[in-house]
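The letters A, B, C, D and E name the chains in turn, as written, and every chain counts its residues from 1.
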Amino acid sequence: MLLLWIHSHIATLTIFTPLLVAALVVLCPSLWVAKWLALLGAGACFLESVHMWHYFVPGSGLQFTEMHAWLPQWGIQYFVGVDGISLLLIMLSTFLTCLLLIGAWNFEGKGQKTFFALLLFLESGMLGALMAFDLVFFYVCWEVMLIPMYFIIGVWGGKNRIYATTKFILYTAFGSLLMLVAAISLYLLYKKEFGVYSTNVLDLYRLSGLPAASQFWLFCAFALAFAIKIPLWPFHTWLPHAHTEAPTTGSVILAGVMLKMGTYGLLRFAIPLFPAVFLDFAPVLSVLGVIGIIYGALVAWQQPDAKKMVAYSSVSHLGFVVVGSCAVLHSMISPEALTGAVYQMINHGVSTGMLFFLVGVLYDRRHTRLLDDFGGLARPMPWFAVLLIIATLGSVGLPGTGGFVGEFLILLGTFQSNPAIAILASLGVLLGAVYMLTLCRKILFGPVTHKENESLQDVSWREALVLAPLAVLVIAMGVQPGFFLDRVRPSIDHLAKTYSEYRLERVELPPLGCCKGGCSNGCEE
Amino acid sequence: MMQLPVLDETAVQIIATIVKFLVVLVGVLHIPPVMIWVERRVPALMQRRRGPNRVGFFKWRLWGLLQTLADAVKLIFKEESVPGSAYKGFFHLAPLIGLLPTLLFVSAIPFGPAIEIGGWKIPLSVIELDIGLLFILAVTGVGVYGVTLAGWASNGKFSLLGSLRASAQMISYEIPLGLSLIPLVLIYGSLNLQQLILAQSSVWKWGIFLSPISFLIFLICMFAETNRAPFDLSEGESELVAGFHTEYGSAKFALFFLGEYVAMFALSCLCSVLFFGGWQIPFVAHEQLVSLTGSVNIAALCGVMALLLKAAFFMWLYVWVRWTLPRFRYDQLMKIGWKFLLPLGLANVCVTALVLAALA
Amino acid sequence: MSAMVPIEHSLILAFLLFFIGAAGVLIRRNLITVLMSIELMLNSANLLFVAASRQVGNVEGQVMMSFVILIAACEAAIGLAMVIAIFRRYGNIKTEFLRALRG
Amino acid sequence: MIWMVLLFPLLGALLNGFLLPRRSKLLSHGVAVAAVAGAFACACCVFLEFFATRHSHLYFGFNWLQAGKFTAPFELVVDQLSGLMILIITGIGTLIHIYAGGYMKEEVTTYRFFAYLNLFVFMMLLLVLGNNLLVMFVGWEGVGLCSYLLIGYWFQEEANAKAGMKAFLVNRIGDIGFLIGIFLTYKHFGTVSFSELSSWMNLMPTLAEPYPKALFWITLSFFIGACGKSAQLPLYVWLPDAMAGPTPVSALIHAATMVTAGIFMMTRLSFFFYAAPDTMLIVACVGALTALFAATIALVQTDIKKVLAYSTVSQLGYMVLACGVGAFDAGVFHLLTHACFKALLFLGAGSVIFAMHHEQDMRRMGGLRKHLPITHGVMLVGVLAIIGVPGFSGFFSKDEILWKAFIFPTYGPILWGIGFLAAGCTAFYMVRLLCLTFYGTPYQDKSAHHHHHPHETPWYMWGPLVVLALLSIGVGYLGVPDFLAHLVGGHNLFAHYLEGLIYIPASAQGAWGHLHAEHAHELEWGLMLSSVALVTLAAGTAVFCYTNRPVRGVASFLGGHFPRLHQLLLDKYRVDECYQRKIVTPLAEISTFLWQVVDVRVINGCVNWVGYLLMGTSGIASFRMTGSLHRYGFWVLAGTVCVLIISCF
Amino acid sequence: MVEVWFFYFFAAIAVVASLGVILLRNPVAAAMLLVVTLCALAAEYVLLGAEFSAAIQVLVYAGAIVILFTFVIMMLNLGQEEVGQLAGFSKWALLLFMLGGAGVILIQRLSMGALPPGVPGGAASDNTYEVGMALFTKYLWPFELASLLILLALIASVVIARKPTFPSRDA
């Protein structure tokens, strides 16, 4: 009975479990209990997402939906659901949050309880944004994400944290406000066309007769909001600051999931809502993406600060995702590229998350992140070296790691639509290797130039507990992409092929206990 | 009884009020000497010693009662000294401000049923109020000023500390005090003290039986409100010399003394009124008494006596406790007030309300 | 107390108190006095409520008055806490030191 | 069985890398050798199984990558080429693994070394076995990774780490070519599977536009990939630096197997290359030029491993030349022979270095023949093989290539000429190496007080050398050119063996008619004899110059009369410096510019400027904000009074 | 008419005392005069038939709020020399203000006729009971909210008045 109830409210539960636990964590008087509580909560949330994963039926529809009237007089609903485009990101968010909590277990500094609670709060916001199919609810969650991040950077950040966090908030909020305006006008336009108010995204997809000019501006507003979040060149300057100043955990979650909100939003809202304008804009976005790829890589190469380097690498990697999302091909998006884009989001979350963790490991020990302060760490810290190399390889997209699958598919699809873009983007693959290997070399190899480094502790068990799953994931995602992609492929293909008149249907909840029916789409021989 | 036609109702009441006030004032002025005697003799009894018993006329020593008188005389005629740094006006005013609320407090207590003089029904409280209980609470609240001002106006470390302690303590304990009264108001359905007494028509309807927890809280707060041991932190002689009245001597000191004992008396009376049936004599209904004695007035007098006896018990209790229990530490005091009495009082209110709702 | 005091009297008294309080807020540099002046203003409002209650013949004015008292209590508590905080920070409580709003 | 071939090395790598205790060197060595030897055994079975039927066989593993219409299953193929390759890889790999145990004896972290080495074998096997471009690419980059790790094995020295990185990055440039090749292939053919592509090409009688053009670009892209991996001009620069790795690594990766991956790949895609004659010409030219270019550099190098490295580049140039002139079979054959003798040479050099306590400068060697008799013997075999002394394997393979180059219709003789010159250089520098190392008087180190006498290596080091020496002689006879084989009534076994695999697609038959045309045997004889003569001459010169005398002769002549040329050769034509100056440094400067100026000043400046603008505006608006409580209160109340007064009227 | 005279009497006390509140230099004296004002107002409430209000006026205002003021004054130990000057800006303000106030009162006085006629003897007989009923029925939610508010104020004041966690200005 309880199981059935959970099953039928799984989306809502997944969103709100962390929020609830966050409240409990704050109120919990004992730090020890609070920590375990937070971990349990995050674990429960992860299990819930696994439940969704398990019962997710491959197909293009929207699943695990739950709809309630929220402000019925204005047509605003609480409407959540999961489809193939968000499923992987949901899994990533819940998974990363668990690891983050473990990672921040012996957190230096004050307010650990609050910190954990904020993380959980953030998770709630992210999950809400990923599952929301109501524009207003999406917007709420989208903004809610900013709040905990603001505090995480602003309170626990580095020396320049206030500047960084203010910039982050103002910049992203600026974009979101434009999006809000666009959302409201969309809402009014819907009313004009259909005579009723609705913020249901599935309804909004039906809006077809928008005038070109208004589509143009609406797309611009949405795309700008997402571009800032992604961050697409040249809207990226908040990112290096935010990443550098954020505590490790903040960087991981920021790079791991929050940046993907931008690309996710692009796929969920900007493209299917305004397909005609998207067609015009795709080259622009692609070009910006490519500039981001090369520019990010080049700038990353010269960074003296490991974290900043990884931060710029995010600009580069997310450029791939944008390029992949914009590979328009004969009135459809290249499905290969789109699949790659979705996959690359996850992969970037894992590998860059891992890199940030690793930089954090170093920072914990030496309280510096300057590359010049390291060198030759492979000798005192062999396991660290192994993990860093795995993360690096994942990041540079070596075949056999998830990064390759994502980048390859993106480039493959993009090449079909625009070879020049693809070739330029593949330069990013090369440059990616340049800066990542430089990072590796400067940290790991060469003689140990600083005395302090000779006696550094290798990764502890707790850190290994965080990093090992990520390392395994980096490789597993490269070796068995089918495992991750088979479920979500129909959704992606559906979006790719029909984005110009995108429709999404709600799918009945599969009965509890017998799910395996439709999952054999390509996972068996 | 003869009618006095020249007087109308209002005038009679005004005259009666003045008379009652004078009576109370005079009565109240007699409390400190007696109490000082008690406070000397009782511990002597408890400690198996004699206590002051020498002062007297010839062989009449009256168990030392006259010692108090002598002390009083000494106190009043002692030379006054005012500290140079004191805020003079308030320094002089403070004892009076301290005394006034307690007198008002006493004025609100119905000492007995109404008596009849010349056909005028005269209630035996100086001020008869519908909201007597609230009035008492209000007056208690104002009573803090005396202490506060005294300490502040003395402009000395010990005084200031003592007065801060005292007033914080009094404010803190006012809350549980008020909370402890609410169940009674709920049960008896009135704020009028006379009504409250009348509602406790039989022994089993006494407040102590209907709301024992209220009584417990009230009792504790009673001690705290009067800054008496074991809550006499504000004048903890080992720490603060004498607290807020360190700098006071002679008559003004006497006024403080007076204030303290009047407050004790008033609270004892209130306790009797609220929890022990006030002026009602146990097992003897007032009507029975009237018919027994044949006079309303005599019955009323009996009632007054009953109330005074009950109050006397609590006065004695004050003394008893003072010589039995050690002083609390200040943090313990605050802890008891805020962490024990306050929740307990709240719970008590809730439980009483629930029970009443269930019964209704 | 059957006879009525005309409501105009109460109104004028209330006005006087209000303006005295407002003047206190404006002319005093001592934060505590300022707060006390605010209490005066609140009291004038109370008086108006009570008088109106009397005038209209129901107790709603008194209910409102009790709410006002409650809010006054909150205001006093927070205000005084702030006074203490300000004192800790600046060493005195003159209003001149509170210039954070200066543009 | 085929899976076992892959599984063994992977398991070995995992065991050594993660699972086994790390103290015991013997254990890690044993595990590694066992893994490769097991793989070799399985590979033999697989090969024999295939050889019996001569039918290529596909093994489907699992559905690896699928998106949209694109599918890339994890599928292996065993055919002539991959069958041969797995034998080479595991066979020579086994020998080198055994040898490495001795060579790496003094290392602490041998487990790491063997883990990398096993991983390399796995990746290389993946490369050759994959049935589609993507699986091949996995191996392709995988071997690059292992190469990177192994070059930087002694990571404590900055230079080694840098060399590893350089190898990886230069390879990556090629890899991008490979990737673009894949994209183009998929774009035009809709598949990346070799078997499908092959049959598609096979079935097409003629190719209409856009295919010829597309094929040109496809093959060019793949050739760029091959250039990277097989160290061709202009991407060869990583290979000499890669000698920073331990010598067994140089033998296995940078001589025998990995670097030949480019030739392997081109052979795999020979149907494409045949159909793109323009590319073929480029390939041939690049190959020939590389052969000569590297050989000239090798003439004056003094580091024993550097000489071998440039020699490798040069030999790879030959192979690429072979591919370019359409003689893929000759190229693969040279690959095979080269694998044997170059591995032999490297391991021999390794023995020398080992014996000399990691001394690599040939000028500090000499007269080692007495101390290292076995090594000397096998090295001699290796040198004879590489310079193409008749009867040794190099002779057959190189001669075939030169012949095929000669008959290439476009610039054939010129290509032959370049190759011919390169062969002369090869003979010179290899003999020079031999002389400097083994003959002459021992080098007297004046400064060294405790001179150690070099000792012959233990059996498990020279054992493999002997085997390789035998192979260096023996494998040549598999590919005796037809005209020689006809003398004894046989034919070119090797070419015959590969016939089923390497075919000219129907559409391109016309362009490659000369390969099957009859040629005068006299010409062939003549060419062969002339090259033998050249080799003899060059070798003789080298012997004359370098034996038992202070260095003089040609070298000193060159050094004396053409100092700039000599210096140029010593500086390896300053290609590295040129790259550094023209590409790396500007790129770094651009990066710094992008970061410091564009990012921080321009973009971020714009963003901040908006903020400052707003701040300034608010400053203007806030001039009435005096911060005085009283003033604020006054205005509030005054306003209220005004409103009240107004409302009264 | 006794009530009216009483009213005037207490009103006079209230006004004078409140003037004292804002004019006296000594904050303690001001606080005491505030108590006087409050008590006078309480008396006015009694005259207006609002006994309950009067009681809570004294109970809460005099018994709690002003005590708090006194406390703070004592805690900060503000001598009378230190504080109590008028703000520099005050003269104009006061002038303008008083003029405005007088004007408003004047106008108000003139337009008094607009007030609704009083209900004679309108005050309920059992004032406390009535107030209680109103509070717990019609105004239940505001009442609960108010309790929440006061709880918040309690916590907030504790938090605000805690020992400072921010670095002091000198540091």
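Just so we're on the same page, contacts are C-beta pairs under 8 Å (C-beta built on N, C-alpha and C of every residue); 3 or more make two chains touch, one makes a residue touch a chain.
Keep in mind the model is a prediction, meaning the values are calculated, not measured.
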Take chain D away without moving anything else and the assembly reads A | B, C, E
Name, by label, each chain that touches both members of the pair chain B and chain E. none
Longest centre-to-centre distance from chain C, chain (CA-based): D
Two chains share more C-beta contact pairs than any other pair here; which two are they? C-E
Centre-most chain, if every chain is reduced to its averaged C-alpha atoms: A
Could you pull out the chain whose C-alpha mean position is farthest off from that of chain E? D
Distance between the centres, which are taken as Cα means, of chain C and chain B, whole angstrom: 33
In whole angstrom, how far does the Cα centroid of chain A sit from the Cα centroid of chain B? 72
Could you put a whole-Å number on the gap between the CA centroids of chain B and chain D? 104
So what's the Cα centroid distance for chain A and chain E, whole Å? 57
Multi-partner residues of chain A (each touching 2 or more other chains): none
In chain C, what residues contact two or more other chains? 22, 26-27, 29, 95
Would you tell me which residues of chain D are touching chain A in their complex? 17, 60, 62-70, 109, 134, 137-138, 140-142, 145, 148-149, 152, 155-158, 160-162, 165, 168-169, 172-173, 175-176, 179-180, 182-184, 186-187, 587-588, 590-592, 594-595, 598-599, 603-604, 607, 611
Touching chain B in the complex: which residues of chain E? 26, 28-29, 32, 35, 39, 51-52, 55-56, 58-59, 62-64, 67, 70-71, 74-75, 77, 126-128
Quick check on the complex: what are the chain C residues that touch chain D? 22, 25-27, 29, 34, 95-96, 98-103
Can you check the complex and tell me which residues of chain E touch chain C? 1-4, 7-8, 11, 14-15, 18-19, 21-22, 27, 30-31, 34, 37-38, 41, 44-50, 52-53, 56-57, 60-61, 64-66, 68-69, 71-73, 75-76, 78, 82-87, 89-90, 93-94, 97-98, 101, 104-105, 108-109, 112, 115-116, 118-124, 127, 130-131, 134-135, 139, 142, 146, 149-150, 152-154, 156-161, 163-164, 166, 168-169
How about chain B: which of its residues touch chain E in the complex? 87, 89-90, 129-131, 134-135, 137-142, 144-145, 148-149, 151-153, 160, 163-164, 167-168, 171, 174, 191
